[in-house]
């Protein structure tokens, strides 16, 4: 139903919201939306330290076939993030330094792919960030259609074109484009609060006290004993 | 039987023994106790190069619930290592930079967790070492009791509170507190011997000769041939 | 049928071909031989950045037993690569810094092992490259024979002694010794062509246009629409 | 955003369409919608031979917490299928014979759960079909809210409440409720065609001839040789 | 420290308690001890329908070496269960029909092995139950010592010799021998209560009402809405 | 190098040897060739109880593309076994009841596939045995060439066309065609010996005594103690 289609119009989030989401990071952003919206933790950065956010250009690809990524590049604008999901599980290296060259020429901020990537040493040199399931030298063919900018499931998460992808060393969170503003505000507040808390905890004040947990723990029945022999 | 309990007294190993074990490293320590005591190799450091040893403060946690880690921090002394085991398999990110701030404020040397960790870029900046099964931005709740300082199975290894945890880039070995002295001596001797052997092998002397293996190999029936056609 | 045998004569590829293959890297080399010859992507370097090629000295080892690696070292010449395959799945740490010392003394360029390796911090310091399935401190015994320089299956790939092993951050490709020259030429041509293409793509020219894909995509039925509502 | 919500109105597909989809089975149904809509193949039936279809009552559950399944049962009508997705990966046994008793009392046709199930011997005796990721005796708690009848990702597939779930020994396909009629017709046609083809192939007619593949294979360059020596 | 040892005296639980635990099954037994004591769910029966309980004769085995199982058979009494744990991960087939013949001759009730088993068609014919991590035809050697009747970690669970192993289609629970009586009583009460509940639920009474959950759900903030548009 | 080729001449083993190998089964056959020649244990039968042997018709397939299986059917003779290996990891369902109808029409004894299979309920009804990595309803395309009757690596094992494939509930062993006679004799002798041993062990004679293991165990240092306190 959704093969062989390229959707050319994508609603993107406001740049200011995207920037806040990037600064807050994937962990805080997912907390700010009720601990939902994370991709599976098997998705890992190919080099550490990158921290990006951008509107998703989604790509649905057949197993072992990267043709649609070439098609998708044309749909990218500066600031976008390519997000690639195979129609069935595949570990081949769909994306390498040539595609990255094209992507960077268009201002793409990075790639999230629920499959393999290759030329990782060059990608690191180029400073092009990638989060992938696997690193694999295995090449692909260009024979079968998929789609671009249709909703996809990527690493266990539903992603619509234009949704904000927030990726860093902790993983990847996705924010529906319609909620980017609200979530950005909630994430910023959460970050501010965590910064304040960090200062308190650094002095040695226990979380048990700072968060006022002792009473509720006691109510649940927590017991302090000196030795298991006391049980 | 062991839920909802915090044991406050922990027998720790001597600091001198802990230090020797740290220097010898996980591989040598596990060899020194009959090739036993290793956690499963899926446990990996979140950044390379850390090498620690310390007395275990054990934490038993429900899936997706990190409440007990807050409780455990209070039980930590300088030089301890937090060791966290879930009651059933879970990949959520139980521990982040706020808990690390508290842990460092108490002098905790690092974390070993058979589950997920997050804020890894910050933890690396802080210099707080963690060995985990997974890196995940997924947050947890605080609803259900576990226990602190009870015996746990962590990544396939039985650990008692106070046991010495030795962790480095190769993995994690655990030494029962009662045997810390004996194992430390055995490990040091092993290290000394390996250092001497390394010098010999570096000259090009073959292990076959240095270890005197040729005769036993021949007795087992090892044959040298020029080509498989000779079979 | 092939246990307990050490084959002492190995046909190696020409040094010049090996060097070209090393420069082209695993991804290009496997493309140059019809996208075949790759080891499984679970094989990962223990430190990033190494890029080697060399003739394989193959080692068949029982689970948890590294005796044959000691035997294999003697068969290595300068420029060779040790390639170790267990007879059944095993994650133990078969190889550490002492064996690496011996290997480097003989000019071995690196290790590919479909099992575990240890002492990885030291190996990195020594600059000895390893690609392995796992990192594990778990030691091994020396009780049961395997073989050296027999054909083996390593990480899903058939390898004969003397075949050229090409390993880098993308993974590991194997080239049959008889085809090293042909593949090296094909890989070099491919590399030259990719370099030219990279320059074109860097200017912003789309792959769709550079590779002339638009017509074939249309023939397959690709449709461009503004919104999914148009379906 | 979507925690703590129970949606009580669900649009269901026509019973006649559901019945056709059930008869056609998961493989044919997914073919009939462009080879899309399948759950991941790690989802397996706990006993062989069941073949069901029904409207999805979706349940979003926290790790290790089955409270929402109790809530969901009330939302089920005769003919529905419970479909349960955890907010993060979990293998606990969320569902057993007591919940199955309730589900059967309401006419639920089966359970699809991207987590664990238990009491499987009793479930088999009761004739209650379940497809799960794992079988596990591990129990769960009732502490944290999820949601009922919100869109979920289950085993890599996006599912809306009311979508038709088609499950058998091959796996599980999901059909959007709005397309149930169209897909049912396409699946029936496909089944009819396959039945006719089966009769032809059973006589020994080759698929190469029946499907007319020889010409296209030749055009792609397929060569028939007597031996590899001819290459 | 614990290699090369056979402990000949094992404290076993009372036969009556073992029998109650067997009838209650692994899920109920683990609930009766605070949802603890389960082996990992990757442990599966090689044929469905067996339901056993017995005192553990523990066996620690090296990877790929089944010598200690031969030693352990002699330590078994009628009603015991063999429980085998490798010192490092291994999938070889340690146990087949010959060992099963010996085990049945001594009245052993079954095998739990965190590794591979073979001859499974014959074992099924013989009616010998096995729970294993894998089925594998791969044979093992007899070269290296392990131990018999020492504490082991098996599939993530600490097991002492004599502990009661309860195994069925849901998995495997272990009860410390000292608590067999208490847990058996708790499990029986739980079973009785579940039987009564089952009768109630079969009439269509909802768990929400029977367990009185509605108020607590409301207190947590659960909202019922007709459509997501109401959010 | 080996894509796009169909080799039409295959040397097959003698029917009598194939029949002996079938009767002996995969475990005994692999023991008879030095515990080598087994496929990885993740390969499982889709229904229990089948026991086959036959000459391999090998099929190399791209990920998600089953075109070559159609080509391979024509190369099959009565008594052959189809053995399918993908060029990179794939879980799609390459083979279903239509292909099985063709295969049975030509007298093919079964399928071994290092990927997915579907229509498993029908295949079971038809009595067509399959060993696969996964069961998946996911369909494939027919776009890219592979090869037929070239050497392949299947589930970690090197297989040449014509090699004897021995498959049963324990797994799959492969015997090189040139050694079928020798291995068949060795396997038969092994089976005869095991039958005799089984009769002895059934009387309660311990393996320790029957195999004469006690002396060698003592020489290795095995100690019998009454309690661990004696250490």
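Quick notes on this structure:
In order of appearance the chains are A, B, C, D, E and F, and numbering begins at 1 in each one.
Convention: a residue touches a chain if its C-beta (ideal position, glycine included) is under 8 Å from a C-beta of that chain, and two chains touch if they have at least 3 such contacts.
Note that the structure is a prediction, hence the values are computed from the model and not measured.
With contact taken as defined at the outset, subunit A and subunit E are each touched by B, C, D, F. Fewest steps needed to get from subunit A to subunit D, stepping only to touching chains, is 1. Annotation: the subunit B:subunit C pair of sequence copies touches via predominantly different residues, less than half of the used numbers being shared.
Each chain gets a centre from the mean of its Cα atoms; for subunit A and subunit F, those two points are 42 Å apart.
Centroid to centroid, with C-alpha atoms defining each point, subunit E and subunit F lie 30 Å apart. One simple way to say how far apart two chains are is to compare their mean CA positions; for subunit B and subunit E this gives 27 Å.
In subunit B, the residues that touch at least two other chains are 1-2, 35, 38, 41, 88-89, 91, 136, 138, 144. Taken chain by chain, the contacts fit none of the simple shapes, being neither an open path, a ring, a star, nor a full set of pairwise contacts.
Interchain contacts (touch definition given at top) occur between A-B, A-C, A-D, A-F, B-C, B-D, B-E, C-E, C-F, D-E, D-F, E-F.
Contact residues of subunit A toward subunit F in the complex are 62-65, 87-92, 136, 138, 141, 143-144.
Against subunit A, in their complex, subunit D makes its touches with residues 1-3, 33-36, 38, 40-41, 87-89, 151, 153, 156-158, 179.
Against subunit A, in their complex, subunit B makes its touches with residues 1-2, 4-9, 67, 70-71, 73-74, 91, 93, 96-99, 101-102, 104-106, 116, 118-121, 124, 134-139, 142, 144-145, 150.
Against subunit D, the residues of subunit E that register as touching in their complex are 25-27, 30-31, 35, 38, 41, 44, 48-49, 51, 168-173, 194, 197-198, 201-204, 206-208, 211, 213, 217, 220-228, 231.
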